[in-house]
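Note that the chains take the letters A, B, C, D and E in the order they are written out, and that residue 1 is the start of every chain.
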């Protein structure tokens, strides 16, 4: 218990000291996660929109698979990405293993199903509202998807934020493919795991609090964006 | 790469052999996750409904915090639960540490923000549709929430499935508070992490495939449920 | 990519030795060094796949298999320490009075006092199993918990459960979470723990050419060996250098 | 019902645009008061302010504490069956399922939807949905009924029958506020008329007075120069 | 426009209930054809089948390939401004933003919504929303207009002006199918009448014939016995 207060104190001390190592791993966390979430959004949002709009045999199974893929254990993702990027694997020549790129790839795989699923749900409601109109106006599939994504952008922010949350807190996969290398691939979560395994609970908690504060900041900022949107909307 | 095929083979062999150890940890995974998701639903769905319906100062911050909490790093949750449940902690007397109960508690903390956020999003759309009517009919807050949860149950299934996915694949927290103890707290994800650290990649992948198949099964079943709902709905 | 990658086991990293030595090596050798911290099994797999250029591990039988299979060019002993038996300070099984490590294990089994095993096939786990075998005991029952985790996590479990546990000395000294655990049995000869360096062959990564050899030379040099011996926590040495000059 | 709905200095401003007011009105809660006025005049806004769905930006609303029923211009239906929609307000007030269902069925019969009780509300035709909303507002027998163009999508017979129901409710003492574009309907039902234009009440008075001798030129234009639907 | 919409053996079954048909109809695509019938008769369903929004359960629909415009009974509006709603179909057809906005503004002016161009569509009044939907359907100048009770929520003047626009469109050669409960409007506009009851076309013929001398007793009852709105 005392450790929890020590953790809070450690967090304050860390932030107050502007520890360069802390700043470095925090920025790396942000960089890896934002890159991964951006790509996941570029894939997941159109995919969700497509699945909301399209009706074809097997769609139900694809939707269920997508939801199931939200349960992809990070360790398994890490392992798969490792096997592909390893020198012994097909993409070994790219020399991406144990670099931030490998971490981005792993996080994309983890986050895309989540972003796609939530987008699908958000867009399905709007599609129900717009369906007759868009069909009546003869909008092509592409035009339908674009319209739904644009008019549903408020809800899609939530999908992106969920993806951000999932990615920024993820450790299992980035640990395996990044290697938690000091000055190269160490991020907040792998640092937390390391300190925990060293039994330095206060420091681990402190880093966790920093991570949470970061997530909260990102959410408050996007919430501000969302609010502006909402005000402009009916 | 060959390992991927070995992994598939390992998965088939594991399932075909009905290995009792595999069955045990699979059932424990299901049991822990379903318990946690059930409790998370009991908390998260009403919370989401409440936040969709209520307007009060500070609501925005609470919603942003909830979204940020989706980013709670599992390791930090594990650590906190560990500190509370350890003999030195306030709930040490309960002797819950390194039992499945501790794992359930940790997963509840991880999954509830996710379930609540997705529920909030799903119910907010319905609330927009129902708001004037429910206010006109003089429904109390409790009645409003009940009506929205009931009429929005189709979308809430997605929230629960997202929670299930998050929990069944989670390893960081359950590893710390469960201890991955053989015959007591070992579940699919901790077994995967163990085999990975042993370098038994094929077996780890095989277990991962079993886990994914399980998640897919659960999703297809609930999708069936959802479909029945959808058919009954307009 | 001009980087030398070394897979090291948790004890080397968690003790702080890696963070102490590697910057010095980078300075001396003029190439980047990256340490990847994993269990012995995973370290050897990374080596076999050619994803790292060398490994620094402690599990002799596995290391010899690795070299015999042609994944490593040779095995070079670097340093050693020892395993220690830890347990609650009250020592309910009374192992502190035991004459030898196997007798201590027998006392734990006789008292059915809780014992946490690594259960992960690591060098430490194998040594623990060997001790049980020497004691003539096949451990089983509710008191014997197979943790299936790394050394750090296993120490955290033992600390929280008030259980006995076998640890390498470096991990024990470096742990920030000893709770009520105390060092009860030590026997540097019987519980000898050797760390070795193995360069990976053939080098698949374009990597720093010849870096493994240069690093090995640096690591086994008398200056570095002295540094290892001087590395202490709370005044206690964690590793003792024992590289033989070639 | 007796009592008066008093609005004084009421204004509703949306996004910087004044959509209602300034308005000072005293509306007795008995008989049928008809709100007339072109599209965008503020009829819906006024009804929503009185019902408490919208808060006036400035001004005060004073009215007796009455059980109110509202029929929206665009019906809001629960994603349930027609019967469940009508039973819902009864259930909110604590009625047992069977009792509520029985009353609801009777209310559906009254608007000619008895046969569609088990149908999903969303699958009803436009006019059927409007009838359903009416049945739901009537089933709790409110003291004050606020109706926003309740017969806009109804066929002739349904309109006649609903007008009959409203007459019966008025006879029971229910106060009714009705917005409509159907001048024939207004003539048939109104005891009192409020003529709105650009958010303001240009005329308020008895139906006979309004239809017989409108004072403002706008009202005369509204009644005369325009096509009678 | 010339050509004929041919329905033969058309039936629409929803959840086991036949909501339209059996129907055999030949509707020339010129002039104004008015669909009459009580609530639930199948007017909306028939329009949706012709527009391709609903597939007939059995039967065949044969019609020329025409650019169609549809005004829904309940307006479906994009969550955008009024102007963006009207510009949208133009943009879908590849118009540049400025050109589309200019045309859209003209269309809004035509339905009397010129001043509300920058307002969110959802904030418009019921009647204004219906006008917006009309402007959006007219802006692309379709060959065939399908209108589902397009003036139900409009005031007298707007109704008159829309009827004028429809007359102009008919004069340009646009074919119009119009469902309405407003018998006065039907008399004013119809060249042809289809009288639907319980999903079936009880009468099809010229407006003069239908209003002057309805053959079926049901049509007579519909026109006479009922109140004229």
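We adopt the following convention: contacts are C-beta pairs under 8 Å (C-beta built on N, C-alpha and C of every residue); 3 or more make two chains touch, one makes a residue touch a chain.
Predicted model only: the values in this text are computed from it and were never measured.
With steps allowed only between chains in touch, the distance from chain B over to chain E comes to 2. Most remote from chain E, judged by the distance between CA-atom centroids, is C. Among the remaining chains, C is positioned farthest from chain D, on the basis of C-alpha centroids. Rounded to whole angstrom, the centroid-to-centroid distance between chain B and chain C, based on C-alpha atoms, equals 36 Å. The distance from the centre of chain B to the centre of chain D, with each centre set as the mean of the Cα atoms, comes to 47 Å. One finds 82 Å separating the Cα centroids of chain C and chain D. For chain D, residues touching at least two other chains, in rising order: 123. Among all residues of chain C, those that touch two or more other chains are 150, 153, 156. Within chain A, contacts with two or more other chains are made by residues 88-89, 196, 201.
Under the contact rule defined at the top, the touching pairs of chains are A-B, A-C, A-E, B-C, B-D, D-E.
Those residues of chain B that touch chain C in the complex are listed here as 82, 86-88, 97-98, 175-176, 179-184, 186, 190-191, 194, 196-201. On chain B, the positions that touch chain D within their shared complex are 129-130, 132-133, 135-139, 143, 147, 151, 232-234. For chain B in complex with chain A, the residues that touch the partner chain are 1, 3-4, 60-61, 63-65, 67-76, 78-80, 83-84, 88-90, 114, 117-118, 121-122, 125, 155, 158, 161-162, 164-166, 168-172, 176, 188-189, 192-193, 196, 201, 204-205, 208, 211-212, 215-216, 218-220, 223, 227.
Contacts from chain D toward chain E in the complex involve residues 14-15, 37-40, 44, 73-74, 119, 123-128, 131, 148-149, 151-160, 163, 181-185, 222, 226-229.
If you check the complex, the residues on chain D that touch chain B are 51-53, 68-70, 72, 76, 78-80, 88-89, 92, 120-123.
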